[in-house]
């Protein structure tokens, strides 16, 4: 479903990603962990081309994002993204946030978009907040709306960029719960997170990144119980 | 909005009072004091050849003329270049004793100021593009005409087109009025002969024609402008008469305009 | 106290006509200036430096030269080039629009760049193209922040329109000057004009405050 081949990314002279190779299968949940500055967020942002690709290839269902002829807008409708800072549109209500893209990009009728939006809000437990403005919501509620907004485009893949890092501790649970539910329903997910519990419980595979490389990847139980690389051991000893 | 309106009126009144107030406090100086002290004379030195700045000094016909007249009247004078609008504020507020600036005498202005006896007859000429159908002042009717705001040219054209006619365009200078003519925005420019003749002389390649029509234009005169009720007026009227009659006027006129003045027209 | 209200009332019909033209010039120039300013602001923000340069020059020129010179140039040189003769009203609208567009472009740029980068990323990640993201997400938010500086610019524009008197566009200040030229009285025409300008600018601020309040959400 996602195939990353020899991906390299530099900001100026600073090489952030050095030759990344990953494949993600349909319905697989891949969790990316690593110290800050390891390149894990940049890697995620390359998957929907929020960062341009310096070298190598990223294929989404066989479509090469590095190819200039690729219609990136079309690809992005299939790849939802959830940000650390939520990035809800503050000038629109919760339901308008969710309806906007389906209506403008997918040309869905307002009535249908609203129905679909309300269903998604019900799913994340925020149906009563449909007409509220984002500023009146708590962090956890905002992130759940952001997830509903991404799902409204009916993506085949969901990317999560440290979705709980900006949240107060007591709100982390409600967001992870929604993500768990999503994983259970068979969504293909790539999650960058510091939540080791989530990685262990929900992840099909965990990737440990450091210094722009994938240092080690394995099923969660193996990686957490039996890390092979020195850097993995050192990182896990600090976070666990 | 109602309270706003009252606020504006109060605001405007405060401005007026403060503007007039200055006149009350400083008026003691100029007028009325008989000690023959130096008089402050204001001008707008932007109207060659009557008054203009020559490397920082005010020069012109008006300057030479007023020097002779003041001497005749027995006053010391100090001519100050204030610019156009402030000139009137100074005279009306009596912070200056009088003004000389090629100022046209008319009835509306007499309501606010006193004018000396006329010292200059202004002749207006019509400037038109080559091949224009305008041959005299009467042809200006129904045509678009540019003038300099507040000049005798404006007075002259308004007697033909009507006061504030939409066909009359008033510019800040005769130069701009002539540019409007060249730009095709008007059919003619009416201005002081001295000014337009100077323009034609300096721009021999311009395809323009000057038309004289002394019979059609009403005669316009320049005068010294005093605050209403100024006691200086009588002294200066007498001095002007003397200077006109004793030939000194003709000398200055000859020097600036290379022609002899018809002094008889001024004493009408 | 010597203030001739009778002269003002004598000129009242001219002041009224002049005010109408001042309002007309201002509205037309605000409209054209805003649209042009938006285009130039967007142009200057283009990533391609080569294409963005002319827009930057435009701003440098119109912000860096006196409006007086601009209006004379446009009246005497530019308009005759296209219309075959001068036209003070067209020239005034063009000069005011061109000049204010330079300032408005910078207001737009500042407004757009003040919006968090995450907003654009979120919109693009939802499949919107750049134009859609601008139109539905960035501009509505930026516009709200632009209202106070735009209000400033519009007020400056209304007052700058008085320079159209120079090219004999019969607007408010033109009639003030005409009255001054006729009676040689300074305060009656200019204070009257000032009060009318104050009324116009206050009405505009009032409308903008209302708009700002209406756009305030959440």
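Descriptive notes on the structure:
Per-chain numbering from 1; labels A, B and C assigned in written order.
Simple rule for what comes next: contacts are C-beta pairs under 8 Å (C-beta built on N, C-alpha and C of every residue); 3 or more make two chains touch, one makes a residue touch a chain.
Computed from a predicted structure; not experimentally measured.
The central chain here, found by comparing per-chain C-alpha centres with the mean of all protein C-alpha atoms, is C.
Comparing the centres of all chains, each the average of its CA atoms, the largest separation from chain C belongs to A. Between the Cα centres of chain A and chain C there is a gap of 46 Å. Per-chain Cα centroids separate chain B from chain C by 35 Å.
Between the CA-based centres of chain A and chain B the separation comes to 80 Å, rounded to the whole angstrom.
If you check the complex, the residues on chain C that touch chain A are 116, 118-119, 121-129, 132, 136-137, 140-141, 144, 217-218. Put simply, chain A touches chain C in their complex at residues 48, 50, 73-74, 76-77, 79-81, 83, 85, 87-91, 100-101, 104-106, 133-136, 146, 149-150, 153. On chain B, the positions that touch chain C within their shared complex are 4, 8, 11-12, 15-17, 19-20, 85-86, 88-89, 92, 103, 106, 108-109, 111-113, 146, 149-151, 154, 163-164, 166, 169-172, 176, 179-180, 182-185, 225.
Those residues of chain C lying in contact with chain B across their complex are 1-4, 14, 72, 75-76, 79-80, 84-88, 165-168, 170, 174-175, 177-178, 180-187, 190-191, 194-195, 198-199, 202.
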